[in-house]
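Alright, structures below, take your time with them.
The two complexes that follow have subunit A in common; it is paired with subunit B in the first and with subunit C in the second.
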Partner chain A sequence: MKSPNETQKKYVPDMAQKEIEDMRNLIQANSKKVIADYIARMKKTSANRPEAMKYFDDIADLFGQRQKEMQAAKESGKKIVGYFCAFAPIELILAADAIPVRVNSGWYDASKIGDRVVPVEVCPMVRSTIGAKMISLSPFLEMSDALISVLTCDGMTKLSEILGDFKPVWTMPLPRVKDSDQSLRFWNEEIRSAKDNLEKLTGTKIDKKRLRGSIELVQKATKVFRRLQELRKGPPVIMGRDAMLVNQAFMWDDITRWTEKTEALCDELDKRVEQKSWACPPDTPRVLVTGTPMIWPDNWKMPSLVEEASPQGVLVADELCSSDRILNDPVGVDEWTMDDMLKGISERYLMASTCPCFTSADGNEDRINWLINKVKDWKVNGVVYYVVRGCMLYAMEYSRVKKVLDRLSIPVYYLDTEYTREDVGQMKTRVEAFLEMLTARVDI
Partner chain B sequence: MITVGIDMGTQTVKVVVVKDGHVVGRGKVFSGFEPSKSAETACTEALKIAKLSSAEVEHITATGSGMEMALTSDSTVSMMGADAKAGVSFFPSARTIIDVGAEEARAVKCDDRGIMVDFVVNERCAAGAGAFIEAMARALEMKMEEMGPLALKAERASPINASCVIFGESDVVTLIHRQESKPEIARAVFDAMADRVSSMIFRLGLTPDVVLIGGVAKDVGFVASLKRKLGLEILIPEHPEFAGAYGAALVAAGRVK
Partner chain C sequence: MALEIVGEIMKLTVLATLAIAGILIVLIWKKNLATKVTYLRYIIQALSLVVIFYLFTFPIWLLLMVGIILLMTIVLGRLYCGWFCPFGLYMDLVTAVRKATRIRYRSIPDKLNKALHKSRYIILLVFIFLPFALSSISIERLSMVLFFAGDFKPMKVLLGPLVPVIVPWKGLVVFNEINFSYPYVQEIMEYGGEAFGTYLSYVFVALTLAGAFIYRRFWCRFCPTGSSVAIVNRFKGFKWAPVVHLDKNEEKCTKCGICKRVCPVQVTEVYEQKGGKIGTSMCMLCLRCVEMCPYKECLKVKIGGKTVFKSRNWLEPSKSD
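And then the complex of A and B:
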């Protein structure tokens, strides 16, 4: 498929090639520094950091090994399918013999370029993704042959239109109320269209055997993913930032290899639990973070503040579609018929999601229940509700969540921020006050 | 027991010396370009008033946005922690402490021991803080201190909907062009500020008694607007701008071994 002609762009203004290159070089060089810096800081914070993290430190280089591998695969004829939301059916992408990769932008600097297309009030992740595309910053987005865009929020809806200036975008409208047969039928049709689109793109027919293979592959990944989260229920055996990086690496790594490496990490962590060798003191306040997705690398800002603060906190769980929610629920299949498998895929993505884009008479109870369970089972002491400016759905659901957590006597702090580094000082003050409150450090 | 609290504010450094639970000295210096030096100067000033030498001080606790720059301090406490401590010490019945400073407004919920249980801070915007009054006074060509008493003379409210200092200024210009009187414009400014601060408090949950501290607590115009918005009496200690430093000095006392 050809990308549309330059002059036919509906949204994006033309940029001089020289400016594109200068900007890309500048931001890429800066991003490499940010990546190296965060990895160094993660190493520093964790006492006795697991050996198995070495692999994830390397795969975290967005301009490194994985980029080369995917480039090679692409040159050998493989198709690459980018996606934005955790709703994209990766089992189908894999079954069509394509490589799935999540392409939301976590680069702060790119959001300023996106400002040329949309106003600053718009979600910075959306602005940054537009900016990243304008200067061809993201290797994964560049390599994508097509993009799957699930229309979850307003930002995502218009983002898919804007990126249509560069790439074929397959939109998947999502019903906003999930508890009805009608919604499931509708979504099931969307899943089928995605299947058709993928088959056309790759020329590979998604047959029963292929689909079952990919479902089983992702089920294996889910199993180890859940094993890792389970390990975080006890005393802190791994720092939250490390676990978040492992979770998130799933978005761009080779899934089979990711599963092996995460398995190895869990084996190592099991030993540490036996030896009672903890990543930080066991009485460190346990924090859960919920809200806007945090995309590597620049969005490690808030998790780093928590885990490097004085008094220190540790992230033991989250409710982020960029982390603990990625693989929480496997596809359930009764009989391995095509219909049943497709239905299983529909349900795994629609019914299990706790995205605030849904509404229901009981007030998005699924998300609330997830949070309550996480808080209880992961023995959370406090919740940070993280929202980037312009992230309307998460911002609006805050009062609902706060009321519930108040009833459980779990302190929650609303932390709003932007795709910027300038507010770190101010954020630090608040995060430390919150952690101080959790440790009740203020002497009586 | 002698302890010192240093509040490294964005605009001024405040120091309070506490001896056996009583304030015996205060010092206040503009933060300026070298806040650590300003802290030293304010300390010297306060100790001079207290007629004490620095050697007699048992523990120094710093608070405020620049607390890490207070080089002589033995420990630090968050601004919210210091606010809670001070508020309950002034008024034992206090459960919500509102602190409005130059660049930031915050509200802290606390228990009867002065330990914070929840807090909220104005979100990356100075429209609810003292800098806003300063900017608006400039637009009205008057001294900041004159605005409060003037606002009390206003006969009616003229709502403006300020979400930031810059846009607030253009809102004020609109009122000037509409030829509203100065007292009414002054009141509109305080009402807008009180709106921002009170909606923040309502999000936190309003638990009486309410104490107002921070430099802006001295502004009668703001206090009147805030009382109207909250619909209840507000307790204000003497020298409200020193409350943070006082709270830090109390925390310091708790840390003397």
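And then the complex of A and C:
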């Protein structure tokens, strides 16, 4: 596990230590401000914000409590495994006695540094992740002993290569057509090799008992995760951003604690449903957001715009791999044998996914079904199709999604943006116009 | 005397087993495990085994039973195979033994599985015509066949899987005056004659037991008894059959593949089909997929047009529905 020599870096230019530190301190200080600012704004929007949200506000500080905990765990000998896409088998990481943490970067400023390595046409999330690594910004990415990179889109494929300059990266190539026998066999093998890699890294053998334990642990998290999404079906009892933050906190939080705290949040929300105490007026237009993942902290501008606009909208559901899709599907195990558990894990990650990197005889129909189901059951009034520049796969699927939603007479709004704060004013006008239109429809 | 005592003990054992099973099912029902339907199915299978044993003591009922099974498979689909067939129960028991030994099952490749399923008509024909090739079936016996009289009845092949392990007639093995038999063994004995037939029977028993140990519900994939529904379905005017069927809601389905993996006969249609009524002749309605499907109301069992059982989010304990 030797780290590659500085001079052997294939992609990343050498930077002076001082420059790295200066930039890190600058961006970190700014990021802390952004985090505090967003949380303050979230508090302001929701008049009677659930008290249980306090925990998530604290855990949302990426440079706070959780960083210290993970540092302590690392010093006590635990390994930390970072991962990029929602395909990485968390159950296996947990069973190997390592800490899983998702290390996608949402820092706007870091993407500017990433520009030194890749051109601006590349997806800003990839650029931002490269930039964050170059200046050692993300505490989780820094602490990771190894990275699992699932080769979903082109950006992720090359990102894994570039980050190979810093860390050992285990790539997991995905088949592009998922519902065939050979694809599943291939992915099964990938899951097995991930298991071997993890065992080698931590020295803990993943046996039946450990794996069953971790599957059941994540199932518990899935259970409460689903409960939260079910609560969003009714009149808005929680603001969409709050729910999104809770969902996203799973990416770096301790899973047992996250489950407990979310359970407490759901209990509180259940009481509010009984008291009919809503987070915003029940006739607020209900918006679903789909498209490119939105990563805390900086890339929170779109949800903020929707929920702070006037007229206000509320996000009731989404189709983001950074939010509603993280834990929607449980691992279903028929018999608790090693083989069946591994197959269950591999199917849960591969087959249930609605990532646009897949296609089939009928295109990415799973995503369409997801959207139709969400729109119907969550009583969505309008859909925001959010794409960052360079996110080819989501951008290209737009036409199909629009056609389907037109058939359901659900207005769709295509919002393309970048990792930048400069277009917020312009976006605000556009989002407000869309929400005004939705409000008019709701009134009818 | 000894036989009577053994008989009494066995009756008590059966009763005790049923009682324990009953308690078990209530407990499981209360605990809301995802497997309650499967346990219910085991109980019904055990009960029907007892019923079938007593039915077999009246030989006159055999033809009637063939008729009933055919009618059932036409009207109810292969519900019979999943819930009542004794041979199915034996295979489930073998599976239970395998589970206890913590050995994993294996799957037959989908294509081969489908080919095996198609070969069930050939197996049926072989079972019916084998005696003409192998042993001394005289013209007189053959003419009796046409009137469903005499000792050899080809129709009985369809009743093959119904044979209980302990039979009221002379079985393959007699131990302490208890007659032991096994599905299809009687037919094989009849075809093969005394010596060869016995030998063949042992091979058959060993093969099916080993098959069931490795593959779940091994024989069901090509059992000739379950073929009637597929025949009827081909004709116009019979599209309504079977009345009991699975129904899938495409929008709720994420194609996670659980239904395909948990299916004991590896039916792929539930996974592959887009939605609506699931059309397959291999599904025996054991409902394992419905109870394992993690999406609420994605898979449903319908009788006529009415939903009787549907998938639910099994992570949550079910509300008293």
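Just so it is clear, the second predicted complex is superposed on the first by the 440 of 444 C-alpha atoms of A that agree within 3 Å, B and C clash if a C-alpha of one lies under 4 Å from a C-alpha of the other, contacts with A are read in each partner's own complex, and residues count from 1 in each chain.
Just so we're on the same page, a residue touches a chain if its C-beta (ideal position, glycine included) is under 8 Å from a C-beta of that chain, and two chains touch if they have at least 3 such contacts.
Quantities reported herein were computed from a predicted structural model and do not represent experimental measurements.
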- Figure out whether A:425 sits in contact with subunit B (first) or subunit C (second), or with both, or with neither. first
- Query: So, does A:416 touch the first partner subunit B, the second partner subunit C, both, or neither?
  - Reply: first
- Message: So in the superposed three-chain picture, is A:68 touching just subunit B, just subunit C, both, or none of them (first/second/both/neither)?
- Response: neither
- Is A:338 contacted by the first partner subunit B, the second partner subunit C, both or neither? second
- Task: Check the residue A:257 against both partner chains and state whether it touches subunit B (first), subunit C (second), both, or neither.
- Result: neither
- Message: Just checking: does A:436 make contact with subunit B only, subunit C only, both, or neither of them? Give me first, second, both or neither.
- Response: first
- subunit C versus subunit B, contacts on subunit A by residue: C
- subunit A touches which residues of subunit C in the complex? 99, 102-105, 109-110, 250-258, 261-262, 271-272, 288, 292, 294, 313, 315-316
- Query: In their complex, what parts of subunit A are in touch with subunit C?
  - Reply: 178-179, 181, 184, 208, 219-220, 222-223, 226-227, 328-330, 332, 334-335, 337-340, 343-344, 347-348, 351-352, 354, 366, 369-370, 372-373, 376
- Contacting residues of subunit B [partner subunit A, same complex]: 65, 77-81, 84-85, 113-121, 123-124, 203, 251, 254-255
- Item | Touching residues on subunit A, where the partner in the complex is subunit B | 399, 411, 413-414, 416-418, 423, 425-426, 429-430, 432-434, 436-437, 440-444
